[in-house]
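Shared chain: chain A. Partners: chain B in the first complex, chain C in the second.
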Partner chain A sequence: MTTPIPPFPLPRVLTYPTAPGPPPLLIAQGAEGRLYKTTHLHPSRPCALKYRPPKPYRHPILDARLTKARIAAEAKVLDRCRREGVSVPAVYALDAAAGWLMMEWIEGVPVRAGINTWLGERGEEGEGEEGPIVELMGRMGDAVGRLHGTGIVHGDLTTSNMMLRPVVGSTTTDARRRAVEGEVVVIDFGLATQSSSDEDRAVDLYVLERAFASTHPRAERLFGHLLAAYGRTSKKAPGVLRKLEEVRLRGRKKSMLG
Partner chain B sequence: MEDRRPIACLWSDTQALVAVARCWSGEGGTRYLALGCEGSANKLGIGIIAHDALTGTPTVLSNIRHTFVSPPGTGFLPKDTAHHHRSFFVRVAHEALSAADITPSEIDCICYTRGPGMGGPLTSVAIAARTLALLWGKELVGVNHCVGHIEMGRAITGAQDPVVLYVSGGNTQVIAYAEQRYRIFGEALDIAVGNCLDRFARALEISNDPAPGYNIEQLAKKGGGVLVDLPYAVKGMDCSFSGILTRAEELAGQMRAGEKGPDGEVLTPEDLCFSLQETVFAMLVEITERAMAHVGSNQVLIVGGVGCNERLQEMMGAMAAERGGSVYATDERFCIDNGIMIAHAGLLAYETGLRTPLEESTCTQRFRTDEVFVKWRK
Partner chain C sequence: MSLETLTIDHLPPNYCVYAALFRDVSNPDFLHAQLLARNNAYDFAFIDASSVISRLHLLSAIFRGLTTLADGTLTATTPHAEIVLSFGVNNNVSDAYRRYGISPKTKDVIVVKVVVTEEGKEQESQSAEEIWAHLAENVKGTPTELTDAEIAKSTDWQKMRKYYGLNNVPGIQKGWSEERRDKELEALVVMKMALRGL
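Moving on to the complex of A and B:
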C-alpha cells in the first residue's frame, strides 16, 4: 500500500556543473514544491532552492499559468518584506517560467518542531512554567503583525511555515527552553498576496489559528498570547482582531451548509 | 460459539464481553444490527448493517435509496424535498427490511442523521426514525452526517488513517483524525464545491437526473479542446468557489448570446464543463496535498457525492502516486448520501455505549464534524 517515494529528477538548474560544492540535497517535499539545499555563487554560501515541478494532475495550461505567477509573486513579496525590515529569506535568483527561486538558507527548525519539543510528553496542559512558550507566541504574533504592516498577507500561515533562527552564542543549557528560543523567520510565501484589508488579514490569522489548533491541540489555549502580541503591532491591528471574530463565525456557519 | 468463550474472556475489550454475555443469555446472536435513516438533502436512504460482535467486521445487508430529482434549471427546495422523504419513507423502509431478509425484532438500534443538512428533510426523517424506534421498542442513535461518510469510506476501502476529502453539495472539508476527533484542516469559505457544480448545471439547464454533477462529468469528457480561464481561489488549506461560479455563469450567458470567449474562443457547454471541473478539482487536490504534507500522511480517502467523479479520483490518484501513496474512493452506492453509512457510524457509537434518548432526538442544520467525540477510535 505504501511505496517509498521515488527519487525525483533534479530541476534543470541544478544539473549544470558550475561551482564545485556539496551536491544538492532534497530537504522537503511540501505541497508547494520541493526544497533543495544547495549553494549560490560560492560553495560556502548555502542557499535554498524552491522548485515547483509540473503537477501531473493539473491541466498543463493551468499548471504553467499558476507556476509562473506564483514564483514571480513570491519573489516580489520576499523582496518587499526584506526592504521593509521583516525577517524573511533574501532572494538570490529566480526563473519564473522554469519554476524555481533561489533564497537565503535559514538555519534552525520550524516553530512546529520547537513547540512540540517544548510540549514533549506532558499530558495535561497548564502544568509547570510557561514563560518561554508564551514569549515565543508573542514573537510569532509580532512577526505576523509586522508582515501585515508591509501590506502583505501570507495566505498559508502555519507553524511549519515559520522558522526559529538559533540565537548565535546562546547560553541556554536546558534543551526544552532552547527549543523555543530564537528569531521567528516567516518562510514559504507561495500563496502570499498584497493586501491591506482587515478582512484578508483576519483570514490570514484565522488560517493560522485553525492550523495551530489542529497541529498543537494541547497548546491551543496559548494562541491568545499570539493575538495579543499581534494587536500591539500597529494601530490597525485591533480592528483586524475584531474582524477575526466575524471570520470565525462565518467560517463556522459556512462550513455546514452551502 | 462455545469454543469462542475462553478466548473472548481474555479480552479486556468491553465490546467482546458484552458480546459474550449476549451469547450466554441467548439474547440476540453474535452480531449487532442497525438500521440507518438518512435524509439530510435530496436523497432518502435506509440501510441495514451487521457488525460481527467479536471482530466488528461490518456487513452491508441492504442499502436502499430514493432520490428527489427537480426539473432542469431548478434546485431541490427544502419543502418539496421534505415532502418527498415523508412520502417514500415507508416504501424504502419496507424494501430495506426485505432486501436484508431480517425482521425488526433482530435490530439493535435505529440510527438517523442528526445533521448537518436541510432543516425540513432532516426533521421528516428524524420523526420517521423516532416512530420506528417507538414502534419496535428500539434505542435511537443520532449520527453526524459527515462522520457517517468518513466511517463508511474507511470501512469499504480499508484505509486506516487517511486524510479525508469530503466533497458534496453541502460540504467541502479536508479532514484528518487526531486525538479522538475528526479535525477540519481546510474547508470551503463560502459555497460547497458540489453546490458550485449544481448551480452551474442549472445555468446550462442540464438535467438533474441522476445528478447534475454526473451530467457535468459526462459533458466534460467530450470537452477539453479549450481550457477557459477561470479564477483560482485557494487560501492556505481553504478555498472559495463563489467567484468561480459567478464567472462560469457569466461565460454561460455569453455562450447563450452567441458571443465568443475572452480569448476569441468558441464557447461550448462541453468546454465550459471541462474547464470548470479542471479548475475546481485542481483546487481540491491542491488543498488535500497541502493537508497531507502538513500531517505527513500519504493516504487519501475521498467521500461525498462529488467523490464519485472519476476525473477527481484520477487527479487525486496522480497526486497521491507522486507522494508514494494511494487514493481510496468508493462508488456511488457509498459516496452519494445513503442510509448504510448512518447505520454503520451509529452502530460504532452504539457499541461504545452511546444512546440518544427520545427527548434529545433532535436534528440540527449545523453540526460540525469536529464536534463529535470519536470514542470508537484510539
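Moving on to the complex of A and C:
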C-alpha cells in the first residue's frame, strides 16, 4: 500500500499570496535546502528562492545559528562577486533567521545540458568542427578564473552549477550550436568560502575536472581548453595550474584527515 | 486620486500598501515637524524622492520592512519607520531618517502608508479615500504618478552612489550603455539593502 508523499511545507514567506502570478514551484532539493522558482515583488520578476528548512536532528539553537550563518555567507559571496563583475545571480531579498534567500532567476539551461546536446549521439572522436564547444570551455575557464580573482572559491564546481544564459537576439539557427552559446553564469554558492590560496583554488579546479570527466566522459579531452583559458585570467593562475598537478597526484584532501 | 495601491508578492493578504508622489512640496518643514513631534495623524513613511532610484528600489524597501513586520521582528518603532530603515545599509534608524526621510529642505516626497486590517475590524481601519483626503489636504505639492520615469527625474545619483558605496565598482564597465549601467547600479542597491545587518 502506498501513501502519497506529502509535499514539503513551504517557508512562511511563500505561504502568502502572489498576485495573479504563478504559485511557487519546487525546482530542486538537496541535503541542506530546497530551491523554488517564484517571484520577487511582482509577477513579472521571476526569482529563485533558496530555503534551508530547520533540521529536526539538530539542537534548535545550533540549527538556527548554522542556518543563519550559511544564508548570510552565501549572500555576502554573491554580493562580492557581483560587485567585482563576475556573472552570478543578484541577491533580491533574504531573511537569514527564517532561512531563505531570494535571487535573480537565471534563464537558460545548465552547462551540463548544453554540452550534452552538443555531443548528442555521436561517437567519441571528434568528427566535424569543435569550435563552438572549445569556445564554451574557454568561457567556463574565464568565469572560474575571474571568480577566483575575487578571492572566492566555489567549493562545488560542476557543469550543473554553471548556467548558460541565452544570447539576447541570437541569430544562430543550428540547434547544436545554439546549445553551447551564451554567457556562463556560476550559481549555487552554498559551499563557497573566501580564500586566495593556490591550494584551495587548485582543489576547486580539481573538483570541476573530476566532475566534468564523469559527467561528460566523451568530452574529457576538451578540459585542457578550460584550463588554458583559466591560466590567462590572472597572474596567479599559472601557479594554480602547477598546484593542480600536485593535487591530481594526491586527491582533494591535503591532510589525509576527515 | 493619485494614491496608488501597491500589490507586492509574498506579503500577508491583510497588508494594504498605498503610495503617492508629490512634486515641489512647499511645506516639508511642517511635515518634518509632525514627524519629530510623533503626531499620530502623520503616521506615514515620508521618503525624500531624491533618495529613491526606481519603483523596484522603493518596493524592495517596503518588502523588507513588511516581512520584518510579518515575522514579528520589527527593530524600529513602527512599520513606517521600519520601511525608512530598510532603505539603509546599517541598523541605525536616525541615520536612515536623515538619508532617506524628509528634511525641511526636501522638494519631492514619496509617501507610503501601510494599513494592517484585522479580521472583524475592517471598518475601523482607514480607507484609501480617507488617507488620500488627509494627504491631499496636508501635503502641499503636485500629485504625480509614481512611475519609474517620474522617480528618475528626482533621483540624486551622486548621493545614491555615496550612500550605497557605488563609486568605483569594478563590475561596472566604462563602455556600458547608460541603461545597462543604471540597471546594474539598481541591482547593487537592492543587494546592499538586502544584506543589511549580516
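Quick note on the criterion: the second predicted complex is superposed on the first by the 226 of 258 C-alpha atoms of A that agree within 3 Å, B and C clash if a C-alpha of one lies under 4 Å from a C-alpha of the other, contacts with A are read in each partner's own complex, and residues count from 1 in each chain.
By our rule, contacts are C-beta pairs under 8 Å (C-beta built on N, C-alpha and C of every residue); 3 or more make two chains touch, one makes a residue touch a chain.
Just so you know, these numbers come straight off a predicted model, no measurement behind them.
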### Message
Looking at A:Tyr16 after the superposition, I want to know if it touches chain B, chain C, both of them or none. Which is it: first, second, both, neither?
### Response
second
### Message
So in the superposed three-chain picture, is A:Asp156 touching just chain B, just chain C, both, or none of them (first/second/both/neither)?
### Response
first
### Query
Is A:His59 in contact with chain B, with chain C, with both, or with neither (first, second, both, neither)?
first
### Partner chain(s) touched by A:Ser214 [first = chain B, second = chain C, both, neither]
first
### Which of chain B and chain C A:Leu191 touches, first, second, both or neither
first
### Task
Identify the partner contact of A:Ala31: answer first if only chain B is touched, second if only chain C is, both if each is, neither if none is.
first
### Task
Applying the touch criterion given at the start, work out whether A:Pro43 contacts chain B, chain C, both or neither, answering first, second, both or neither.
second
### Query
Which parts of chain A are touched by chain B and by chain C alike?
none
### Message
Under the stated contact criterion, what part of chain A meets chain C in this complex?
### Response
12-14, 16-19, 21, 38-43, 72, 75-76, 78-79, 82-86, 90-98, 102, 104
### Query
Contact residues on chain B for chain A in the complex?
115-118, 169-171, 173, 176, 178-179, 183-185, 187-192, 194-195, 227, 229, 232, 234-238, 278-279, 282, 285-286, 289-294, 298-299, 314-316, 318-319, 322-326, 365-368
### Query
Which chain A residues qualify as touching chain B in the complex?
1-6, 29-32, 55-59, 61-62, 65-66, 155-158, 160, 191, 203, 207, 210-211, 213-215, 217, 250-258
### Complex interface listing, chain C residues touching chain A
7-13, 56, 59-60, 63-64, 67, 70-71, 73, 169-173, 187-188, 190-192, 194-195, 198
